[in-house]
Amino acid sequence: MATVTRTAKDYRTSAAAWWCPGCGDFGVLRALQEAAAKLNLAPENVVLVAGIGCSGKIGDYFRSYSIHTVHGRTMPVATGIKLANRNLTVIAAGGDGDGYGIGLNHFIHAVRRNIDITYIVMDNHIYGLTKGQFSPTSQQGFKTTSSPAGTADRPVKPLQLALSAGVTYLAQAFSAYPDHMAEIIAEAIQHKGFSLVNCISPCVTYNKVNTYDFYKEHLVNLDEDPDYDPRNYDLAVETVRKYDELVIGRIYVNDTQPSYQDLLPGYSKEPLVNAKLDYEPEHWQQILQEFA
Amino acid sequence: MATVTRTAKDYRTSAAAWWCPGCGDFGVLRALQEAAAKLNLAPENVVLVAGIGCSGKIGDYFRSYSIHTVHGRTMPVATGIKLANRNLTVIAAGGDGDGYGIGLNHFIHAVRRNIDITYIVMDNHIYGLTKGQFSPTSQQGFKTTSSPAGTADRPVKPLQLALSAGVTYLAQAFSAYPDHMAEIIAEAIQHKGFSLVNCISPCVTYNKVNTYDFYKEHLVNLDEDPDYDPRNYDLAVETVRKYDELVIGRIYVNDTQPSYQDLLPGYSKEPLVNAKLDYEPEHWQQILQEFA
Amino acid sequence: MRNELTWVVGGQQGEGIDTTGEILASALNRLGYFIYGYRTFGSRIKGGHTNYRIRIAQRPVYGIAPRIDVLIAFDQDSINRLAGEMAPGGLIIFNGKAGRAKLPPGAGDVRLVEVPMLDIARELGNPIMKNMVGVGVSAALLGLRPEDIEPVLDDRFRGKGGNLVAANKEALRRGYEAARSALGDTADVLHLEPGDRRRRYLMTGDEAAAFGALAAGCRLVAAYPITPASEIMHWMVKKLPQYGGVVVQAEDEIAAISTVVGAGYAGVRAMTATSGPGFSLMQEVLGYAGMIEAPCVIINVQRAGPSTGMPTKHEQSDLFEMVMGSHGDLPRIVLAPVSIEDCFYAAVEAFNLADRYQTPVIVALDLALGLGKQTVEDIDFSRVKIDRGQIALPDDLNWDGGDFKRYRFTESGVSPRSLPGMPGGLHLATGLEHDETGHITEDRTNRVRMMQKRLRKFADIKDVEAVRYEGPENPHVLLIGWGASYGALREARERLEAEGISTGHAHVRLLAPFPADEVNRLLSRATHVFVAENNALSQLAALIRQHADAADKRRLRTINKYDGTLFLPAEIVEPVLESITPVGVTAKEVG
Amino acid sequence: MRNELTWVVGGQQGEGIDTTGEILASALNRLGYFIYGYRTFGSRIKGGHTNYRIRIAQRPVYGIAPRIDVLIAFDQDSINRLAGEMAPGGLIIFNGKAGRAKLPPGAGDVRLVEVPMLDIARELGNPIMKNMVGVGVSAALLGLRPEDIEPVLDDRFRGKGGNLVAANKEALRRGYEAARSALGDTADVLHLEPGDRRRRYLMTGDEAAAFGALAAGCRLVAAYPITPASEIMHWMVKKLPQYGGVVVQAEDEIAAISTVVGAGYAGVRAMTATSGPGFSLMQEVLGYAGMIEAPCVIINVQRAGPSTGMPTKHEQSDLFEMVMGSHGDLPRIVLAPVSIEDCFYAAVEAFNLADRYQTPVIVALDLALGLGKQTVEDIDFSRVKIDRGQIALPDDLNWDGGDFKRYRFTESGVSPRSLPGMPGGLHLATGLEHDETGHITEDRTNRVRMMQKRLRKFADIKDVEAVRYEGPENPHVLLIGWGASYGALREARERLEAEGISTGHAHVRLLAPFPADEVNRLLSRATHVFVAENNALSQLAALIRQHADAADKRRLRTINKYDGTLFLPAEIVEPVLESITPVGVTAKEVG
C-alpha cells in the first residue's frame, strides 16, 4: 500500500460537476484534489464534510468518504467524525453562507477548541444555490434579489474573526490560482490543529462585484512578501486589517498549541472506533457497586 | 412628564431578587438601575430583553417592559423590538453561556449590523443556573461538574471577537464597582449603534477561580489611564490582548458608523408600530394590476 | 380550435427557459385565457433539465393536466423526458437541424417538427433570444399573432433599453414566421378559441401570500433564504420600503423567527417564510411565541423531505410537525390555503387570527401552491379587514405603577395586551410559566389555570373556513385532501360524478385546531372515504383518525404520492374506482 | 412497627437539604429497604423551597405515596407547604425554638415537635451540619441506630479529610440523641420493621440510562447542559475517560446532535441527552440522521413545557414532538422506559436498535424517571448484548474503485454500511435524496424506492418489548400510561382489583413505531379504557387513536395532570370509579 502514488485523478468521482461554467468552485475542487495527491492521501482515510450550497456539492465530486451535512453544520459533524477516528483526515468544505452565516457559532467554537480539522470555505460573497441573495460576507450596499436597494449590513470579516477566536492556521487563497491554493490546502491538512483556508471563489452568475478581475487587481500575496512573518500574530491582525482582508497566502501559523484531541482527558490514542465495547458482566457488576 | 426625575428605586419591581448572596448579578442590576436613573428613562420606553440563566432573571427585577427570551436568542428578539419601535431603548442582558455559547452567532451578526441596542453580558465564566458546568469563557483546564479533569477547550475572547466583528461601543465593567458600571451602561445606552458592556459578574457558588479577589487584583482600569484612547481601534485590539481581556472601562468607541435603522432602505423614521395599516381597496387594486 | 390545451417548453436550466413560459403565460392571461403554470426544475443553477408547463383553458383550472399537446423542446433530453406524456396527435417542436431529434421508442402518435430556434437567435446576434423565438413559434401554433404578445414585451423590457424591446419583437416575429412556414396550416387544430380578453391576474401562491400579508398590515419580515419560500421575501423587500416597513435577512431561521416574535411582541405585524429545514429549526421559538402569547405568522412552503430532501420538488409532509411539533402542550393555529388565490386570503386571516388569539399562526403552503402560477379572477379587497385583537386601552392600564395583568385570566382565555411604550402596561413576558402579571411561578394551581387559559383561547374557533366542501349531502365516495391537490381532487370528483358515482370533495383548510365535528359529520355521511396526500405517512389521514371517530381504518383509505410531483386526476380516480368496485382493493388502508 | 412509611425533609435550596435525603436513602437501602426518592425543587440556586421525599418499604415501590408520615422541616415554609399532606398521626420535626412553628389551619391530626437542629449544628461549629443532625433525628424516629448510618458517612466523606467524617458522625449522634430525648418512646409507632440487609442498588433514571449507554458501548457523548438531563453528561464524563471515550460539552444542542451524528456515521456509538427546549432545537438534524441512516441515540428527559416552562417540574408532553417532530416523512424509534431500572435496559436496547436499523433512536424519559431515585434489585448484565448491525465486511466492499452501494435496496430495507477508513467503501452520505450509491438524484422511481426502503426498515420491529401489560385477559377496566406513571398506575390497579373491579394496566414502552395491533387487541378486550398521562393534550391517547380502531372517543377516556407533579394512585382510582359508576361521568373524553 505504501508504494502507491496518487495523482489528482484519483480523487475524482464518477459524478460530473454541475457548477456554472467559470464558477470558482472548480478551482477549489482542483486544488483540493491536487493537495490530496501531493500528500498521497488514501481516499478511504479522508472524510470530506460538505455544507449545503453550490459549494457543498464538492462532496459529490471529490473521491473519498464524503458526507454532506445540513446547512451550517459542517463543524460539529466534522468534530464528531474526527473524535470517532483520530486517524482520519477530516476536511470540511462549504460556502460563506454555510460557514459564516448560519454556521458561524460552530465555526468559532471549533476554532477555539483547536480540533484537528481543515476547513475550506468557498467564499463567493453570495448565496449561490438559493439564487443570489446577499451573504454575510457581501459588502455593504450590495444589491441582490433580497436587497434590491443595497444591503444595510456590514460584512463579517472571517479572517479577523478567526484570528480573534485563536485560529492556529489561517490562510487565504484564490480560485484563479489553484496551484497556490493546492499548496496551501496541503499545508493546512498537515497542520496539527484547526486550519482555515478561506478560498475566494467567485460566483460568475450572481455576483458581479466580487469578480475574478476585481480580485486579480486587489489581492496581495503575502507568500511573496519576504518581510511578512506568518508566525507573528500581531502582524497578522494588522496586515489583514490594513488590506481589508484582500490578501492571499499564509496569514498566521502557530504550531505550539496542542489540539483538542490531545487535551481531552483519557481520550484514546487509538481510533475510538476501535475501542473495546464488550465487557464481561463482572466488569459492570463492579460499577454497579457504586450504587449500593 | 418631562419634569419627572427618577431614582434607581423607580426601576425596582415587586419581585425579590433570588440570586445567591454575594452574586455579582446584584451589582449589575444596581448599575443598570442607576444608569436608567441617570438618564431618567421612562420605564415604559425601555425594553429589557433577558436571556436564560441566573443572569436572565434580571428581567424580573428591573422595572420596565421586560421580555425573557429562550436561551441564546436575546439578540434577534431585541432586533425585532427595536425595529418595531425605534423610539424604545432596547437593552439586552444575559449570561456568558447565553451570549457567547448558544447565542454567539446572533451576537456577531447583531454587532456587524450595528443595530442600536445595548448588550449587557453578565459574565461569570460558568453556567450558573444549570449548576456549574464550564462556559465558553471558562479558562482552559477549569474543573467543573462537566469537566472533572479540567476543560480541553480554550476560552472565547468576547472583547476580541466583538472588535473583530466591528463593534462600535465596547466596554467592560466589574460588579464590584457598580458605580463605574452604571456610568458605562448609561454611556452605552446613549451610544447610537450596537454597544457591548461585558460585565464581570462573579458566581460565588460555582466559580472558585474567577472570584472578586482575582479580579480586584488583576483588572486594569483603562478609564484611569490618561494615555489610553478608546477611539483608537488598533490600540484597543492591542490593549485587550496585552492584558488578556483583564481590563475595565471604555475600550473602544466609534460614533461615526450609522446604525442599522438608519441604513435600512425606506425604513420609517417614525416607530413602525404606528405605521398605517389600513388602505382602501383601491390602493391594493393598483398593486394587483402588476399581476395583469 | 381548442378550449383547453397544455403547452410545455423544456431545456437546460440557466438558459432562460422560464422566460419563454412566463412571457407566454402573461400574454395568454391578457388575452383572457385561464392559466395554470407549473415549473419543473432541479436544485442547481445552470444545466440540468427544466420545463415550464402551461395549461391554457377557457374556464378556471386548478392544476396540471395529464397530457401535453405542444412541446417546445430545446434539447433531446426534454423529448426523452416528456414524449411519454404527449397527447395523441401532439406536436413537438424541436430546436435544431432536421433529422437530429429522436422520439423515444413507444412515444406513440406524436408529430415532430424541427425549427432551428437557436440558429435564428444566433442570426439575430444573441443566442439567448432563442427563448423569444420559441414564444413566436408557440404563438403561431396556438393561433395567436405576434401583436398579441408584444405588449408583454413592452412591459417587460421597457426601461431596459429601447433596443431590447425591438430585438425581442424581432425574435418573436422570426419565430412566428418560421413556425408558419414549417407547419403551414397543418397544425391549425391546435389553435385556441379566442379568449375573452377580460382583465385577470396571474400570480404564484408565494406572491399571493406575500400580497395578502402586505395588505393585512405586515410591516416586518425576517427570513432566511430557502427554496421554495424565498420568493416571499423577495416580493416583500420590493414592497415594504414603500410602507416604511423592513425586511431582515437573518443569519439563520432561529434568528428570523426570534426577530418576528420580538416585533410581534412590540406590536408590529410580522412574519417569516421558510420551508421544512428552516421550519424544523424554528420549533423552539414557535413554542416560546405560544407561551408569551405573541402574535406572529410563519409561512411554511413545504418541499420534499425529510432533511434536505428534494428542495425543488413538491410534497405535503410537514403536517405532523406543523400541527404537533415543538415540545410541550402547545396550541397553535395552522391554516392551509386551498388555492393560489386563497393564499392571499389565508395570509390576511393569519394576521387577524394571530392578533385576535395572540398566538403563532402557521400558513401551510406546499411547493406547488407556492411556485405554481394561476389565473386569479379578482381579489376582493373589501374582505381585507384588519382586526388587531385586544390591545389594552389606556383605561385598562395600571397608572398607579402596580403590575399590569398582561396574562389576566379571562373567560375567553385572551387577555388584553400592552405594548412597549404604553405607560402603565409594564410586565414581564417569559417562556417560563408565569402568573397573570407575568412573574415567574411554579405554583400548581396557577400552572393549571394558565395552561387552560392558553388552551381554550381558540380551541373552537368559529370564524375560519375550516373545510371547503363540494358535492352532495351524502356522497357514495368522499375525497379528502389539502393544499395544492385541490385541482386534482376537484377534477377527480367531476370525473367520478360523470361515471355516475355520487362524490364529495372535502378540502381541509384548518389543520389546527382540527375541525373534528365538521370532518366527522362529512365522514359519517359517506360510504367510502379516500384521503389523498403528497406524503408517505398519510399525515392528514392520521390527524383525521386522531380526531374523528368515524375514521376507522377499514373505511378510511389513503392515496399517497411522494415522488415529488403533483397528483393527476387519474391518479385519484383509478384507485377509487378499483377499490369501490368489489373486485380487488388497491387503495391502501391507513397503516 | 411499620412496613412502609414516607419521610420528607424540607427547607431552603442551597442549604444541603438534598444531602439529608441522600444519606438517609443510602443508609436505608443498605439496611435492605426498598426506596423511592423524589426531590421537589425550583429553578434557582439558593433559597426557595425544596424537599426530598423518601418512600420506604419492605417491597418494591415505584412511585410516591400520598401521605407523609414524618416531616423534618427546616423552616416554616416547609410546614405550610406540606402539612396538608401529612398522614393522620404524622409527626413534624421542626427546627427551632419552641412555640415558633405554626401548623396551618386544617392540618388535622398531626404532632409537631421541635428540635433545634440548627442550634446543635452551630454548637458543633458548622451550621451546614444541621442536615446531618436531621439525619440523626430521622434515624431515631425510624428506629435506626447511628451505627446504621455511619458506613454511608464513611464512604461519602472519606478522602475529604478525616475530620469531616468524625464531625459528621458527631452531628448524627447529637441529632439522634436530641430526638430520643425530645420524643422518648412516644414515636415508636414510626419505627420500621427491620430490613433484610440484602445488597441492592439505589439509582436515578438518568444514572441508569447513562450506565446502560456505557455498558452498551457508547463512547462519545455530546451534550449541552439542561435540567433534568445534565446528570447524564455528568455521570458519563466521570466514566468515559476510563474507556478512552469522550464527552463534548457542545456550544448548543444543534452542535451536540451534529457531533453525535458525525461520530455515529464514523462508527462510534454516540449519544446526546437533553430536555424539551434542546430537543426542539435538534429537529432538523434528527431528520438528517434518518436520511443518511446514521445510528444515534437521543435521550430526552422531559420537563414541563411548552417553551422554558417549568424546568424543574415533571411532565410528559414531548410525545408529539418525539414521535412526529421534524419535517418530512421521517421514521424513527421512540422507546419509553417504564421504570428507573428499565432506563438501563432501554438505553442498551436503544444502541442496538440504532445500529441494527441505522436510525436515530429516542429514549423518552421524564423528569420523575430521570431524577427520581429507586431501589434496583439487581441488573442482569448478561442481557447486555452488543449488536452492531450490518457493518460491511471486506468482501462486501468494492475493491475495484467503483462506487460502494451504501444505500443498497434490500428486502429488509437495511443496507450494510461502510465506515470511513474502510478501503472500497467510499460513498456520499447526504440529506438530499440519493440513489443506492449515495449520489444525489431526484429521479421519481428512485425516490419512491428509497422512501420505502427507509420506511420499511423497522415498520414492524418484533424484538422490542412494546407494551408491558399486567392484569387479566379481559379486564373490565384498562389503564394505559407511559413513563414514570408506572408506579401510580400499578397501585391504582391493585386498589381497583381490591375493590373487586377487574383491571388491567398497559404501559406503552414503544411509542414509535407504534404497536398498533397489540394495543388494539388490549383495547378491544376491555370495557372501559383510561389513558392517564402528565400532559394536557392527551398526547398518548391521540397517538392511540391515530393507530387503533378500537379507540373511539366514547370508550377512551383520559386522565390528565399537568401541574408539574406526579400522579398519586388515588388520582387515577377516583376518576375511574366515578366514571364507571353510572352516576356522573367526570373523566374527560378525548378532545
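All chains are identified by letter, namely A, B, C and D, in their written order; residue positions are counted from 1 within each chain.
The rule is short, and it goes like this: a contact is a pair of C-beta atoms (placed from the backbone, for glycine too) under 8 Å apart; a residue touches a chain by one contact, two chains touch by 3 or more.
Since this is a predicted model, take the numbers as computed values, not measurements.
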| item | value |
| --- | --- |
| Centroid comparison with subunit B (C-alpha atoms), farthest chain | C |
| Of B-C and A-C, pair with higher C-beta contact tally | B-C |
| Cα-centroid distance, subunit B relative to subunit D, in whole angstrom | 37 |
| Length of the line joining the C-alpha centres of subunit C and subunit D, rounded to whole Å | 43 |
| Separation of subunit B from subunit C, taking each centre as the mean of its C-alpha atoms, in whole Å | 41 |
| Where subunit B touches two or more other chains, by residue | 57, 68, 70, 102, 104-105, 109, 136, 149, 153, 264-266 |
| Residue list for subunit C, restricted to those that touch at least two other chains | 43, 241, 251-252, 254, 277, 284, 288, 292, 307-308, 430-432, 440 |
| Subunit B-touching residues of subunit C, taken from the complex the two chains share | 29-30, 199-203, 207, 211, 214-217, 219-220, 222, 239-246, 248, 250-252, 254-256, 258-270, 284-285, 288, 292, 376, 378-379, 381-382, 384, 386, 403, 419-432, 438-440 |
| Complex interface listing, subunit A residues touching subunit B | 102-105, 108-109, 112-114, 136, 140, 149-150, 152-157, 160-161, 163-166, 234, 237-238, 241, 257, 260, 263-266 |
| Residue ranges of subunit B in contact with subunit D within the complex | 18-21, 52, 54, 57, 68, 70-72, 101-102, 104, 127-131, 133-134, 136, 145-149, 151, 153, 205 |
| Touching residues on subunit C, where the partner in the complex is subunit D | 42-43, 254, 276-277, 279-281, 283-284, 286-288, 290-292, 302, 304-313, 315, 317-318, 320-321, 324-330, 430-433, 440, 442, 444-445, 447-448, 451-452, 455, 459, 535-537, 539, 542-543, 545-547, 549, 552-554, 562-565, 591 |
| In the complex, subunit B residues that touch subunit C | 13-15, 42-45, 47, 49, 57, 59-60, 63-70, 73, 75-81, 83-85, 87-88, 105-106, 109, 264-268, 270-273, 275-279, 281, 284-285, 287-288, 291-292 |
